[in-house]
Structure formats: structure tokens, C-alpha cells
Amino acid sequence: MWRSEAFIMGKSRAVRSLYHDAIIQTWEETMKKQFTGSLSAIALAVTGVLTAPMAQAQDYSRFGIDSDLPGTCNFAATDAKDYSGRTLNIITHAIPVIGEPTALHAEQFAELTGAEVNVVHVPFGDLFQRIMIPFQSGQNAYDVLFYGSLWIGDFNRFLAPVPDAFLNSSGMSDVTDSFKGVATWNGQMIQYPMDGDRHYLKYRTDAFENAELQARFKDATGRDLAVPETWEEYNEVAAFFSGFDWDGDGEVNYGSAEVAKRDDLMFSAFISRAAPYAKHPDVTGGFFFDLETMEPLINTPGFVRGLELFVDAQKSFPPGGTNFGLGDEIFSFGGGQTLMSYSWDDAFIQAQQEDSRIRDMVGAAPLPGAREVWNRDSGQWDNFDEPSLAPYMTWGWSSAVSDMSEEKEMAFDYLCFFSNEANTFHDLQIGRFGVNPYRDSHFDSGFWQGLGWDASVADSYVKTLSEMELSENRVYDLRIPGVGQFMSSMANGVAEALAGQKSAQDALDDVAKEWAGIVDRIGEDRLRDAYANVVRLEDNEG
Amino acid sequence: MLTLQNLTTPHPKLPLSGLDVTFEPGKIYTILGRTGAGKTELLRTLIGLDPIAEGAVHLDGKNLDRTPIRARQMAMVYQQFINYPHLDVLANVAFPLRRKKVNKIDALARAREALELVGLAEFETRKPSELSGGQQQRVALARAIVKHARILLMDEPLANLDYKLREQLREEFPRLLEKNSDGIILYTTTEPGEAMQLGDELIVMHEGRIVAKGDPGELFENPPSIEVAQVISDPPISICAGEVKNGHLYFNDGSAVDETSLSLGADGPVRIGIRPDALTIGGDIPAQVTLAEFSGSDTIVHLRLPFGEAVMLVDGIREYSPGVKFGVSLETSALLLFSQAGGNITERTG
Amino acid sequence: MLKPKHFFLLPALLTLVAIILFPLIFTVRVSFSSWDVYQAGLDYIGGRNYTRVFEDTRFWESLLRLSSLSFITVTLQYVIGFALALAVWKQMKGGRIFRVLFLVPMMTTPVVMSVIWRTMLHESLGPANDILSAFGIGPVPWLSSAAGAFVSVVIVEVWQWTPFMFLLLFAGLVSLPREPYLAAAIDGAGPVRTFWQVTFPLMAPISIGALIIRLIEASKIMDTVYILTSGGPGTATETPSYYIYIRGLRDFQVGYSAALSLTYLVLMIITLTIIAKLLMRFLVGKDA
Amino acid sequence: MTRTYNTIKYLFLLAWSIFVVFPFLWALSTSFKDANAVTSGARYLPWVEFEPSLQGWQSLFASGSRGINIITPFFNSATVTLLASVISLVLGTLAAYGLSRYKFKLGFIKNADITFFFISQRIMPPIVLAIPFFLMLKEIRALDTIAGLVIVYIALLLPIAVWVMIDFFASIPKELDEMAMIDGCTPIGAFFRVVLPNSLAGLVVAGMFCLIFGWNDFFFAFTLTFTETQLLPVAIVSLNSSVTPWWSLSAFALISVTPLALVAIVVERFMSRGSLAGAFR
């Protein structure tokens, strides 16, 4: 059914080189032929009635898709629109993650509708300011924005709500509730879901299933080797597998690759590690802050424990591991250097590339949990027999339309087209695109097996992801104004602890102090209003 | 006619103070003075490069203070060999003419003529940097005279040349400057010989003031003051302390000068000037060499005499090691007498 | 009254003032406001931002770090640049190739070259440790230890900017007058004495210029830190401009970062002026 | 003695040359790698140690979604850099000449202060100016345009031009321009007819610095444009996604260094002729 990504890409590359010439010839004819059809479609679009036009026997395989799939914004529907002479400006992440599909679908959109579409690609670290400066200065710079969904707390004032027509689109109704929640602010959907991201554990099955290594592990620790269920276990396993060549490729292997570089998303690695210790399933009313008082909870024992374990894990990092950015982590795990890693899908997908040395030697599992969880209501550690998990729905990519845009309709049309059924299935298959499951229909092991994955790998992948959707103890990003300040302050404290400049407690105490300062400056009430949105999601009220 | 009235400049180190002097066309004025006497400053002020604090410069009665440099009808030759490095020799010389809107053909013709005059005709396509120092200065000279400026200013034009070239060019000057003979030529130098030889009139400067002006020979013979006496002779006139007592002249070691051609004034201390050629080897004044140096084909010997230090000029190149002692004699008829204040009080009988 | 001298100066001066005046005044104004990510606007909050700067140990630590970083890098650049210039000064075989080669690093984009360096210093995938391991050294924690990260930044800065020193010093050497060397040769001075008594003093003015300009540029060091270490590990390589960048554009605390910048600017101007005077005194032996 | 000295000298030169060249060789090698070749440890020789791939180079010339096409950014960069450099050079040269030949005084402000004002512009870290410049360009509707960037780059480059040219003019004897005025030039004419033609070496150096700092600026090109006016360094970071594409960046590093390496050859010419610091000595 589904062919391997490489095959499809190979095909699409060949097609691409051919179609450019062909398209130009056929385009004018097509335009003429469809002139009347287009007109009616425009009329429909203008009146805001978005229905799939009659299924035409149109072949869109030149766009690299197998076939157009039914859906509100499919190729045929988009083809029917005419935006010639109009311009759409898009800001997105660097190529390839999100950036490549943005550009790809922009090209397609331009070709189908006649619009001029400009795309600018920005590295993650500077994306926020590139969007924020024009927002704050009232400059209408971009119509469509792709960015980290956690910034909704800062951006919400500048975004256009998703119109009803799109809320009812076929693609949108398939989006899982948690990702609809991510896109919603004060009950209104202002982000357009096009990606689902979360952290999960990746590990090397070849090592865990190796009888000799299992025996050696047992000798050394007295415990059976198993995929870690708590972070203590994670550290222990990682430490054991550090410093020798356990996969026999001639290079020394290590236990854990983590994003530990301060300004490179390290904050989300830390949250993943700390969440199970700090997020008590029975405690409501805030994870980062006490919603009532807006007191920072960042220096409470749960977080401190998480940080101590993070610091401890460093001994299992590969050389340079304490300065790993996401890219290094992907290279390290995806390249077969390390036993385990946890972050977004990228490293997993990298490992599963067709030419990968460790293809089908990897497994996915939920992030480790904790057997002891800090209960801030009672002020003590509560014990759990089964490790308590606290899946971190770490920021995923999201998209939105600027409220200043003068081309809102076209902008939403583009986003809807971007995430139409055919495009989404195409994008999901390509690891480097960074588009990950976020619709109910994506949690299907058969789909991934179709890409050539082993059934066991695909099963563990889908199971892991969908279980997170079901968890009642999820942690969300701090989606409030100034999230960048909070996260950078936290990352700085964590980095100081990692570097041994401060103890975990001292570092987080200082972070808490800074956080209190930020709350003072931004205003407690403003933050509480925003944070309530997050707490509602976490407390499963949203 | 170029007139300076109480010309005073604000130069922070070497200001001119209160210069009053008139220059007449058709004459070469040599301005003699030591380094730092204000000679260059004078020329620069005349041409408008340096500002005036007080007083004025008039050309034919017209105050020049509003006249831009380029309109002052003056030409200048610098001590440094200043030519335009990016232009060839011919273009260098034609440059001022072209600025005066002389058409190109005429300008080049006149430039060639000037180059001919300075003897560089065959070098016209070279760049200045490809010429020797003397040749470079000839180019600069050609560029200065080609303009036929009313006033030609020459600021120690020979100072940076070696001895031989200097001699050679100096001898050529009268011929080279012939074309400008209806103008005013101001020529500064530190060398008395040069000043004597070239100047129709000699001006001596010292510390920003004009201390003497007049016929070169006359000034040489009878310098009006010690300041003048010291610069007007090369090697300089030596000054020793002395005293007039009872109608006799004594050096301060008590030795008497028995000279009847000098008429002496009242008793009291005086300063005695000894020209370098007044001393000759062989005599009964004990002398010890402190230093000997060559100047052209002469030898200048610095001596320690019983009554002070003095300089003696000896014909020819001679070796005198410091410390050597011999006797010298003094031609007392050539002595000059100055008051303590520095004024010339020499009076000669007969 | 417009004189010719104004014709020369004013176009540039007015252009620069026109371009820079608004940003400068704006920065001063905004430093007294609470402009932040949640609200853009020029309210007035007095000197609160400056009080915060004063208490911000991270900023002051970064300043200290910068002073040692720029002192070390600029000194190394100067010494190596001078040595290179002396080495290729006299006619020699292959001199041209060397000279062109030595200039090239300066021509490269720091952002991009820092990425290349980062790959070279990658502790398990890069050639630096690979080559050192052949000599039995390492693995060196280039970017993951405080000392290593500091050294890495120094290496990259030296690589990138020694050419600048080389260019200026070589140009200076070539234009030195000959006479003092003849005199030194007559005195029988050896190469070392000639260097200290003739070359070095003659090169003093150009040295001062080069040092000052490099200090100015080095104090803004940002691209290298950003790419190589992101200021880490911990805050081990965080420089003021990188810190201001984090506060200003990452955290988007526009008001506070303006206060930081102006404090930094004033400090830099004072420091550089003092350094310039000291250099003058030591190298030329007179006051500026 | 001389032999030993020469040996040391050549060893030193050789060592430094290797240090200088190594990153480029490494970049050259890396530009032909793919993710697999990169993640399998340090590899140097294509074919021998890894299977070369053209991925890095292709991504720089691919159009649209497959990478970036650096042709347009290349010309944008060239246009902005050249325009800003030429304007800065013209204005800076005039100002430097004025400052080196005339005395200015406005209250307590004198030449040295004006010179310092120019040079001090380089002390300001660029980050500080990002937002003010953004607002300013917004007012004059110059955001995301070549013109806007040129304006900002002038502020960046003018100080460099002034600094280099002041030093240079100090080495030209002032008697030269005086002579030109005596020979009938206006002060302005003296500058253009005599000083300027003899300033080529200084202009080359100042021009070189302008080109370097303009060509290599990343920050303003990044902050003050949206989608229309992409410059080269900004285009390349388009590829810097969560996986740092060592291969594309390496290929790009080699491309971006080429135009300025040619400048290095020109500069070396002037440098060796001894005409850079003092054309008249």
C-alpha cells in the first residue's frame, strides 16, 4: 500500500524534473479548459462555502503524491481557486524540518492558484524575534506563520482566529483533542494544527535484546535489563552502556544522547526529565506555577530531583554530549553512537532511514516515569508501585495567520491545503519534514509498516504515541506571555547545574527568584489569565 | 610690490611676530635663518597656507587676506621634493598651466620648454618616483617657474640634496630664474653662502622676527647684531666674552688684544666676535682641538682657547684628532665687538 | 558659513548622524521603559532597568569574561600576526602564496566558519579529537568543558582575525624607512636587538591602531560564541553582547536590553579610551 | 644561525598555513558527505573513507522546497555590499580627508572627537540597534528592501572607511595638496585631482574592509528583511534546521569565501608593493 519513503522520494524527484517542462505547456490549456469550473469554484470560495468540488479525473501525481485524496482542501479544490496577482508571505522554520514541507506546499499552492508565494526560512533560535518584532511594531510582514506552539501565550494577540469554515473542514475534525487544545486560546482556535509533537524514549533494541549484554548487565547491577521505566533506571542503564563498543561497529558506544546545549531546546529535555517527579496525578492547579498565587514551583523537590538526575546522566553522554543540540542528538542516536535518547521523532526517524546502519534496531517507549512523586499539596513524596508517567506534550510546530494580514482567506486556504489529506500522508512519511502524527487517522501501525518498518517497531511507535494522547497526567508547555524569558532563565539555571557551577537546588532556587521577578514585571494577573489556559488542559478540563 | 604690515601669526610653536617688510619686483630676496627661525612659516603665510593673527599682506596695495591660495599668483618650491606621484614629469609641469585653463597644446609646449630649461627634456614620460632627488627637485622647479608667477617662493630647495647636486643646482639658479626676473623671488636658506651668492637682498630671521635686511655683502661685513652675526657666516662667528678697560680690549682670561684699527668705547664688558677665518694655525695662543669636521673642501676645527671656544676654518681636508694641541694666531683686525645686549658696536678707525 | 572643509566632512557626518541618531535616541528612551514581550510601548518606569543592570551578576560576570577573552585573543592575534608579517616581510620563495593564504580567513563569514569549526571540534565526529587521538591525546572536551569552550572560542577568533593584524602590520613593515636599519646594522645590532630597537618602535603607531580596532571588534564577539557554545557550558563563554542578545531578542526584554546596551556602551568607551592612552604611553612613550 | 632561523621560519609558516587551510579542506571534504558519512566519525577522503554525495551542493542550487537557490541571494548580497561599500567609501574618504587636513571645532568638539564619534559606532553591539533600525526602516518603508539594508550597512561600514582613510591620508604629505592649491586648484579640486589619484592603495584597503564586513554581516540582513530581499548568509541559515546540515554549510562556506578570496589577491598586490601604509616613503 504505502511505499518506502525513499522510493516515493525517488519517484517524486524524477517526476519533478520532468513535470516542470510539461506543466508549463499544459497549464495554459488546463486554465482555459477549466475556466468556467474555476469561476464557479471562486464563487463558492468567496461565499465561504468550502466543499470538496466534484471529483474530477484530474491527475495530481506530478506534485509527488500518489493521488489526490478526498477532503476539504484537496488538490482539486485548491486548483479551482484563482489567486493570481496576489501575494502570500510565509515565515517558517529552516529547511528541512517544517521548512521543506512549507516550501513544497507553497510551490504547489502557487502553481494551483496562481498566487505568488514567498517563503522565508529561519532557524529555530531566531524564529521568535523574527515574528515578534513585526508584530510589536505593527508591520504586516507575514501572512502565514509556522512556529513553536508554545509561543501562543505571546502571539495570541496578533493572530487571526480560524474561521468556522475551516474549523469544520475534513482535516480539522480528524485532529486529536489534545492538539486541538494546543491550538486553542481562551476557547478560540487561533493556531492551525499541522503537526503533533511529543517527547518519547528511543532505544536500541539490538542492545536490550542481546543475551550477552543482558547477562553482563545483571552481573553488574543485579537487575534484569529492561527498557527503563523511571529516570533512575534510565541513568543506570545508560551508565552501564557507556564507554565500550557494544554493537561491534568498531566505535565506542555511549548510554545517552540528550539535548543539553543551553539555548538549543534544552529546556524541553529538562521538563521531560522533571515532569514525572513534579507532576502529581492527583494534584491540580498548576505544574510550573501555583495558579492561585503564581508562585514558581520550579525549585520544588520534584524539579530538583529531575535536575539531579539530569546532572548525573552526564557521565553517560558521548564526548561533547553536554554541548549537544538537537542536531547532535539526532546524529548521535540516529548514527548509532548511543543506546538511548529522548526528544522528538527526528532521531527515531533518522535511525529508521533506509540507508541507516541501525534501521529496525530501534524501539520507542513512553518517557520514563517516577516511583516517587512530589505532592505539593501534602508537601511530601508519594510512592507509586507502577511508575507514574507524566507525558510532556512538548511544543510542536503550529501554524497561524497574522491578524494584520490582508490575505487572510488565502492564508487559511494555504494552511488547509498544507494539511490536506494527501499532503499530510505524504509529509508524515518523510522524516526530515518533521511532520508527526496529530490526527486520529495517523495512529495506525499499518501505515508505518507500509513504509517498510518492522511490525514491532511500528507497533511500539504508534502505541507510545497514542498512549500519550490517552494519559490523564500530561504536562504542557508554559504557554504564557514571556515563555521565552521563563524558559531561557530555566535553561540557564539547568546549564549552570550541569556545568557544576551550582548545585541543583541552588540553581533552581535562583531560577525561581528570576521567575518571580519576571512575574512581577509582566504582571501576575496577566500571567494567571494565560496560565489558566494551560492548567485547564493539564487538569483535563479543556 | 609685496608688503607685510605687522604680520603676526598664531602658529603654536613658531609664530611670526610683527613683520614689517616690503619686497620689490625684479629682486631675489634670500631669507637666512636657522631651522626654526620662521622662514618656512613666513612663506606659508604669504601664500595663504597658514593663517594670519594680526597684520596683513598686501600685493600691489591689495590686501590678500580674502584671496584664495590659487589666486595669489605665487609659486612655491618646497624643501621636500613635492611632485604629483600619479602624473608623469611632463604632466606635472603642465599641471599649473592646465589649472589656469591654458589649452593643452600650449600647456604641454610650455612645460616642455621649462623641462628643457631645467635639463630634463628626455625624462618627460617618467614618473617622479623614477627620478633621482635632484631631478625631482628640478621638476618641482620647472613646475614653479612655468607659471610665471608674480612671486616665486623657494623654501630651502637645496636642503635635501647632497653637496654636489646642491652646488650644481645653485650655480644654475640665476639662469633658471631668469624668466622670473620681473617677479619677486623669495628664497630661504640656512646657508649663508647660498644667501650671499643668490640674493639681491638678504633678510635675516631669528625666532619669528626679521633681525636684519639689506645688502648681503654689507650685512656680512658688518652684521648689526650677534644674532645676525651667528647665522650669516658658515661656519659661524664665535663669540667670546671680553672687557674694555682703560681703552684696551681684554679677553676674559686677561689677555689683551692689541689692535689699533678698532676704536673702543667706554669701559665695561663686551662680547667679541671672531670670524672663523680670523684664526690661523701657528702662533702663540695655545689651542686644543675639541672637534674637526669637513665642510666641502674645507675643514672646520672647533678649538678650546684660553679665553673661550672658537671655530677655525682651515683650507683643505685635514685630520685633527680631538685633544691635539697646537698654537694659533688671531687676526685681530677682523674682530667684531658687540654690546652685552647683542648690538654691533664695532667701530673702525680709518 | 560653508567652507570647503565642510564639503569634506559634512556629508559623511550628517549621513551617519541621520542613520544613527534615531536608533540611539530610541535606545536611550526605551531603556527607561518597560518594553517587553507582552507589551510594546514607551511607558516611563524611571531607572528601574538600570537598577536591575546593576544587580545583574550575570552581566557583570560576562564583562569580566569578555575582558580576559578579548585580551587573550587580541594579544595572540597581535603576536602571531606580527610574527607572520616579519616572516614573510623579506623577499622569499612562495611569499605571495603565503600572504594571500594568510589573508583569507578574515574574508570568510564568521557565522558560517563557526559552524565549520564546530564540526571540527565535535568531540566524537570531528577531526580535532581524531587527529589528537593519533598522538594519544584526548578526547579533549572542546565544547563541553568550561576551559575547553573558552579555548575553542579563542582558537576560532585567532584563526579568523589574525589575518587582520597580519595585514596591517605587514603593510606597516613594508613602508618602514630604511635609514634606521642601516644605522642599526652599522651599530652591529643583531636581528633581535634590531627588532626591539628599530622595528618595534617604528611600528608602534600602527600597532596601536590595529590593537584598538581589534579590541573594539573583539569586544562585540557574538557569532562565534553563538554558534560554537551558545555561551555555555553553563555561562562559561557568555559575553556581554551575547547576553544582551539573549535578553533583547530571545527573551524580548527590549527595555532592559537597551539599558544593558547603554551601560555596556559607556563602559566600553571609557575602557577603550583608557586602553588607548595606556597603549600610547607604553608603545610610543607619550600621551595621546 | 641563519639556517636554523630559516628552518624555524618555514616551519612556523607551514604550521600556520596548515592551521589556516585545514578548515577549508575539511569543509571541502564535508561538503561531499551525507548524514551517514558525517555520523561515522571523522572521515577525510571521499571514495576512500566515505561515499561522496552531492547533497550539500545540490541543496544550494536547488529551487524551492528542495533547498535554497543561492543565486538570487548571492546577487542581492553583492548589490547591497557593493552599494553600501561604495557609498561608505565615498563619504568616508571625504570625511577622513577633511579630518586629516582641516581643524574643526564646535564647542568642545574637535577633530579627535569627531573621529572618535565615527569609530565609536563600531563599539555598539549590533543587537542593540536591531529594533530601532527596524522601526526606522518601517517609517521610511524600507524594510525588506535593498535600499533599507544599504542605509543600515552604511552606518556599519562608514566608520571603517573613515578609520582606514584617516590613517592613510596621514601618510600623504599635506604639502602635496598645498602644492595643488598653489598650482591653481580649489581645496576640493586639490583633493580630487591630486590626493585621490594617489590614494588607490588606501581605497583598496578601506574597500576591502567594507566588503568584508558588509558581505559577512548576518545580523541586520536577518532582522530587517522578510521574504523579498534575502542575502547570502540569511539564505544559508535557511538550511540550518534541527539537523545541522554539515554538508550544505560546508559547500556554502566554500562558495561564500570565493569572491572575497579574489579580493585577498588584489589586496596582497598592494600590500607587497608597500603602498598601503605610506605611499610616499
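Here the chain labels run A, B, C and D in written order, and each chain numbers its own residues starting at 1.
The criterion applied here is as follows: contacts are C-beta pairs under 8 Å (C-beta built on N, C-alpha and C of every residue); 3 or more make two chains touch, one makes a residue touch a chain.
If you're wondering where the values come from, they're calculated on a predicted model, not measured in any experiment.
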*Far-end chain from chain B, centres as C-alpha averages*: A
*Of every pair of chains, which is linked by the largest number of C-beta contacts?*
C-D
*asked:* How many angstrom lie between the centres of chain B and chain D, each centre taken as the mean Cα position?
replied: 53
*Could you give the separation in Å between the centres of chain A and chain D, each centre being the mean of its C-alpha atoms?*
39
*Just give me the whole-number Å value for how far the CA centre of chain A lies from that of chain B.*
90
*So which bits of chain B are touching at least two other chains?*
none
*Shared-contact residues (touching 2 or more other chains) in chain D*: 38-39, 41, 130-131, 135, 186, 237, 240, 244
_chain C, residues touching no fewer than two other chains_ = 124-125, 129, 249
*According to the definition of touch, which chains form touching pairs?*
A-C, A-D, B-D, C-D
*In the complex formed with chain D, which residues of chain A make contact?*
89-91, 93-104, 106-107, 118-124, 126, 129-130, 133-134, 137-139, 141-142, 251, 325-328, 330-332, 334-337, 344, 346, 350, 353, 355-357, 432, 434
*Parts of chain A lying in touch with chain C, wherever the complex brings them together*: 125-126, 128-129, 132, 136-137, 154, 261-264, 317-323, 325, 328, 331-332, 337, 481-482, 484-485, 488, 492, 495-496, 498-501, 521-523, 526
_Complex contacts: residues of chain D adjacent to chain B_ = 173, 175-176, 178-186, 189, 194, 197-198, 279-280
_Footprint of chain D on chain B - complex, ascending_ = 47, 49, 68-70, 72, 74-76, 78, 80, 82, 84-86, 95-96, 99-100, 143, 147
_Considering only the defined contacts, which chain C positions touch chain A in the complex?_
34, 36-38, 40, 58, 122-125, 129, 139, 141-144, 146, 149, 229-236, 246, 249-253
